Amino acid sequence: MSRRWLLIPVLLSLAGIALGMVWVDWSKGGAGSGLYSREWQPDPVQGYWDPDRFYQPVVSVEGVFPAAECITCHEALTPGIVADWRDSRHSKPANRAPVACPDCHGADHQKLRMPTPKVCAECHAVQHDAFQSEKQYGFPSHVLAMERATDSKHFADKPKAETTACVQCHSVATKCDSCHTRHRFEAAEARRAEACTTCHSGPPHPDDETFYGSAHGKRYLADAATTDWSKPLRKGNYLTPTCAYCHMRNGQHVVADKSIWQFGLRQVNPNTAENKVKRERWIEVCTDCHDEDFSRRQLNELDRERTQAWHGLNRTERLLRELRSERAIYPAAGERPPYPTDWMDAWFPKERIGFFEGQASSFYNVSPIERDYFEMWYFANLGAYKASAHGAPALVKEGHEALAHAEKSIATQAGNLRAKARGPRPDPRPLWTEGEYTAHNRKHN
Amino acid sequence: MSRRWLLIPVLLSLAGIALGMVWVDWSKGGAGSGLYSREWQPDPVQGYWDPDRFYQPVVSVEGVFPAAECITCHEALTPGIVADWRDSRHSKPANRAPVACPDCHGADHQKLRMPTPKVCAECHAVQHDAFQSEKQYGFPSHVLAMERATDSKHFADKPKAETTACVQCHSVATKCDSCHTRHRFEAAEARRAEACTTCHSGPPHPDDETFYGSAHGKRYLADAATTDWSKPLRKGNYLTPTCAYCHMRNGQHVVADKSIWQFGLRQVNPNTAENKVKRERWIEVCTDCHDEDFSRRQLNELDRERTQAWHGLNRTERLLRELRSERAIYPAAGERPPYPTDWMDAWFPKERIGFFEGQASSFYNVSPIERDYFEMWYFANLGAYKASAHGAPALVKEGHEALAHAEKSIATQAGNLRAKARGPRPDPRPLWTEGEYTAHNRKHN
Amino acid sequence: MSRRWLLIPVLLSLAGIALGMVWVDWSKGGAGSGLYSREWQPDPVQGYWDPDRFYQPVVSVEGVFPAAECITCHEALTPGIVADWRDSRHSKPANRAPVACPDCHGADHQKLRMPTPKVCAECHAVQHDAFQSEKQYGFPSHVLAMERATDSKHFADKPKAETTACVQCHSVATKCDSCHTRHRFEAAEARRAEACTTCHSGPPHPDDETFYGSAHGKRYLADAATTDWSKPLRKGNYLTPTCAYCHMRNGQHVVADKSIWQFGLRQVNPNTAENKVKRERWIEVCTDCHDEDFSRRQLNELDRERTQAWHGLNRTERLLRELRSERAIYPAAGERPPYPTDWMDAWFPKERIGFFEGQASSFYNVSPIERDYFEMWYFANLGAYKASAHGAPALVKEGHEALAHAEKSIATQAGNLRAKARGPRPDPRPLWTEGEYTAHNRKHN
C-alpha cells in the first residue's frame, strides 16, 4: 500500500480536529456561556455572578471620580457598603495608601467593573495562585465550579430558576466575595463556618447540616462568640475546627488537595497512591486534636460507610438496567424528546441509566423511576456521605434511612413496571417527560 | 310595569342582608371563634393565645394587691418573670413610675387579665396604631392573622393538634408577646431575627430556613453576638439586615406595606400601580447597602422565579381539571362527605380543584392527588418563593426540585387514575377521605 | 398421684432456666455485644464508643510515663487536647494535685485505657450514682442506652452504617465525653443546649429541631452569648431554659425522672400514680418562669396532642391488621426470610404488624406498607410529639401534617393491595425484602 493511502486517515483526523474546534467555538458563542451557550439565556443578575462575561455597567451616571468623591456620594446613597469598607483593612492598610473604590471598580462611572479574581490578584497573588492551582485536582473544585456547571447539557433542560441558583453558588470561581463578604473582606469572617454554608447546604451538598450535626459543629456553636477569629489558621491556634480550619490548612486557598471521595458522587478506590497521600494530609489535620489511631479509624469508618452506600446504589442501578433490557422502563429513551444539541442521541436514542452512563439530562425529562434513582444517588447518598465525613451520627442514620427508603420505593415501582410491561400501561409522558414541562424549560432557558 | 313590582327585589335583598347578618351572628356565637365557631371547641391554652375572647382568670387566690406584694410573692413562686421584669425598661422608665404587675394584669387576683394589644396601647399608641393600619393591605398581614385563621372552614376538618398550633402563631394579632418575650419586652430583642422565627418557620412559611440560608442570614449568624441591638432600625445603623430591619423600616409596626407577592400563595401581577409603589419601598431598603441596579435586578429575578413556579402550578392544576372532566378523580366530590356547614355543597356537590376554587377543606378530606397538589402549591411553592425572596440559592434549588418532584409524581398518578377510570378501582376512601379520619377530626374539633 | 410426678415439671423448669441462661450466655459471647452479639461485628471505631468492651491500646509506643512527659510529647503531637486540658479545672483543681493524663488513661503506653464512667466516678461519685439510678425508670434512659440498643435483633438486619451511627450516640451510657467534650470537660459546656443536640437530633429524636423551634430555643439563640454559664442550674439562676435546665433539675444527672410519654414511642396513660408524680416535677420546673395555671394547661395540651396522634396511629395499625387477615399484605411473613436467630419465627412465621407486636426487624425486611407504617409511627409521630412537648408550633403542624400524609399514603396503598389481592401481583421482593438487600446487610453486620 502506497504512502498516499496512509495520508487519508491522518488528513481526515486533522480535519476532524479542526472541525471539532470550530464546533466547540461555535457552541460557546451563544448568549449564555459554556458548551451549551446557545441553549440558554443569562438572567440580568448573572452580571454580578460572572462579571467577566456578563457585567454591563450602568451608564446613567457620567464622570471620572476620585475615591473621596465616590465615598461622599455613596455615604448618602448606600451607607452600608461605605461603613463596611471603613471597617475593613482596605481603608487603612499598614504600609500603603488605602485600597479604595476606583482601585477595584475603576474610576469612570460609565465603565465601572465588578471585580473578578484577577482584580483581587493584583494584591493577593499568593491566594489567587493557590486558588488557580486547584485545577490540577479536576472537578469538584472551586476554581472549575463555574466552567463545569455551564458546560452541562442540563442548562437547557432544568427549570431556569434552578440553573440561576446553581450559577449563583458556582460563581465562587468567578468572584471573591462568595467567601469574603463585600465590602469588609475580612479573613476573620472567612475563617468562620458561616462563610461557606450559604452555598454548602441543601441536598446536593449538605455540609452546613452535617457540620452543625457533628460534635465539631456543636462546639463551634457554643464557642464561636468567644473565639478570637483574627488568628491565622495554624495548628494549635484554634480549639474548635471550622470548614476552613480543616479544609484550608494554614489558610491555603486550596480545598481539593485532600478530596478522596470526590464529593460523594463517584465510587472511588480510597487506596490509590494519590488517595494515600491525601489521607496522610487528613491525618496531619486530625492529629491537631485527636490521636493518630482514632483519626485513622475514623477515616476507615468513612470508607466502610461509602462501601455500604455504593453497594445499595449499584444494586439499584443494576435493577434499572434489568428493567431496561426487559423493555419495562416507560417511556423509553426513544419515546422521549431528544436533547436539542445531542444529534447522536436524536438519531440513535439510547435508554441511559443513571448519571454516569452520560446523560446529564437525567435530572429531568426521564421516566419517574429514573428520576427517583437520580435523587437517591444525589440527595440521599450525599446526605449519608457528608454526615459520615463530618461525624454527624444522627444524619448518618437519616442518610442511610433515606437510601433504604429509596431502594424500597424503587423496588416497588420496578415490580409495578414489570407487571405493566405485559399489558397496556398508563402513559406518564404528556405532562412530565415531554410536552409542556420540557418544552417550557427549553423555551425559557 | 308599576313601581310596586320594583319594590319586591329591593325588599327581598334587604331581607336577605338582614338574614345574612343574623346567620353570621349565629355562626359566630359558638364555643370557638370566627364564622365556624360552632364547629370547633377552643383548647384551654387558647385563653393565653386569644385572651380577649378566651382567658379565664384563676380564682383560687383572693385579694387586691399592690405591685410590691405581687413581686414579693412571685419572686418566690415564679422568679424568672420577676427577674425579666427587673431587667426591663418597665421596671425603671425614665420619666414615670414603674410599669408594674397591676398596670397590665389588674390588681384583683380573681379578675386578672392577660394583656391584649389594647392594654399595651395605653402607653404604646403609635406602635398599636401602625399595627392596626395593616388592615388596609388585607391578608396576609399580622393584624388579621387570627381573624382570617378562625374564619376558615378547615377549623372543623383539620386535626385539632394542627389548628391549635395554627392559633398559637396567629395570636400575633391578639397579644404583643409573640415578638417581645414576656416580661422583658425589649425592642432590642424584637430587632433580632430570633423574634420572628418561632412562627415564621416550617413548610407554610419557611422564613427562618431561607433567611439563614442567605448571605444576609450567614452574616447575621456571624455578627449578632457583637452587634449593638439597642440602636433604632435606621439606615446606616446596622450592617447586617434582620427581618425587622427590612420588613419594619425605621421600626414601623407594619410589615405588609411592601408585600408584593402576597406570601407566595397567589399569582399576582407584580407591575400594578400599587405593586410599583411597594417595589420602590423595597429599593429604598436594599440601597442601604446595595446599588440600585443590583437591587432592581434582584427584585426582577424574584418575578422571574415566580413566573416559572406559577407555570408549573397552573400546568398541574389544568391536569387536575382535565382529570375531573374525565371523571377520573376518585373519590369525586359527590362521593365525599359534605362539609358540615356548607349547605350548598351538600345539595350540589362540586368537585373543586385546588385552593382557590374555593374549598378551604382541600387540606383534608379530598382524594390523594388533590392533597398532593395542595402540598405542591403550599409547601414546595412557598419554599421556592421564600428562598428566592431571601436570596438563599441552595433553597431555591431545593424548592424548585420539590416542585418538579411533585409535578412528576402527580403526572404519574394521573396516568394511573386515567387507566383505572376505565375499570374497577380500589377505593382509598374508607380510612382517609371519610369514615374514621374525617369523622374523628370533626367530632373532636 | 404420687409426689414423684410433681417433681417432673419442677425439674423441667429448672432445666429450662439453666438452659436459658446457657443460651443467653452463648448469645452474648460473639464478636459484637448484647443478645445478638453473634450476628454482628464491631467496627474498629467502636473501641472509642464502648471502651470497656472494645478498646485495644496502640502498642507501637513503649514505656511508662509521668504526666509531664505525656504533656511534652502530646503538646507537639496533638496540641489541641493539651490546650483543652490546660483550660480545664482538671489542670488546676482547688484542693488537690492536677488530674493529668495517667490518672484517666493509665501510665503504661502499651496498656492505655479510654476512660469509662467508672473511671470518672473515682472523683465524681455523686454524678455517677445519679446516672446509674436512672435504671429504675427503665428505657428510654441514658444509662440503659447502649445495652438496649445492642440487645435489638436489628443489629443483624439494619445497614451497618446505621447501626454504627446508633452506637455512637448510645455510647452516652458507656463514656462521659458524649456531654462533656474532651479534654475540657466543663460543666458550663454541658449546661448549654449544644451539649445534647449532636445526638438528640434527626427524625428519631428531633429535640434539636423542636427546642430551637420554640420560644425557649429562640431566646436561647439570642441570649446564649451573653449568659454566664458558670452558674449552677438552680431556680432563678437562668432566664433562658436549656435542655439541662429543665431535664436535669439542679444539675442532677438524671433525665428520666420526669419522663411521662416515654419518648413518644408508646401510648401511655398520662394519669397513672407514677405519672402524676412526674407531672408535679414538671410543674415545679415550669413555674420558675410561668404561672401554675399556664403550666398545667400546657402539659394537658401535650396529652391532648398525644391522644390525637395515637388515634391516627391506632387507626392505621388496625388497617394493617385487616389487610393481614385478608391476606393482602405482600410479601407475607412466611414469604420473607426468617430472622437468623429467631427459631420460632422460622418454624411458625407470623405476619407481625407494627413495632410492638414484637418484631424489631420491622425496620427492614418487611413489605413496603409495613415499613411506611414504621416510619409514620417513628418519624412523623416523634416529630409531632417533641414539637408539642417543646412548644414549637410550626413543627407541631409539620408533624401532624406528616402523620396525615402517611395516613393518606398508607390508605391509598391499602386500596391497591386489596385490589391486587384478587389477581396476580408484581413481586417487590427480589431487591428489597430478601435477596440482595437483606442478604448483604446480614453478611456485613
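Chains here go by letter, A, B and C, matching the order in which they are written, and residues are numbered from 1 within each.
One rule holds for everything that comes next: a contact is a pair of C-beta atoms (placed from the backbone, for glycine too) under 8 Å apart; a residue touches a chain by one contact, two chains touch by 3 or more.
None of the values given here were measured: they were computed from a predicted structure.
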item	value
Least step count from subunit A to subunit C, where 1 means the two chains touch	1
Magnitude of the superposing rotation for subunit B and subunit C (Cα, nearest 5°)	120
Type of subunit A:subunit B copy interface by residue overlap (half), same or different	different
Averaged-CA centre spacing for the pair subunit B and subunit A, given as whole angstrom	36
Junction residues of subunit A - those touching two or more other chains	225
Contact footprint of subunit A on subunit C as seen in their complex	43-45, 47-48, 58, 77-81, 83-84, 87, 159-162, 164-166, 168-169, 181, 184, 189, 192, 194-195, 197-199, 201-205, 224-225, 364, 368, 371, 375, 424-428, 430-432, 436-437, 440, 444
Touching residues (chain side subunit B, partner subunit A) in the complex	213-215, 217-219, 221-222, 225-226, 235-236, 239, 287-294, 297-298, 300-301, 304-305, 308-309, 311-312, 315-316, 319, 384, 388, 392-398, 400-401, 403-405, 407-412, 414-416, 418-419
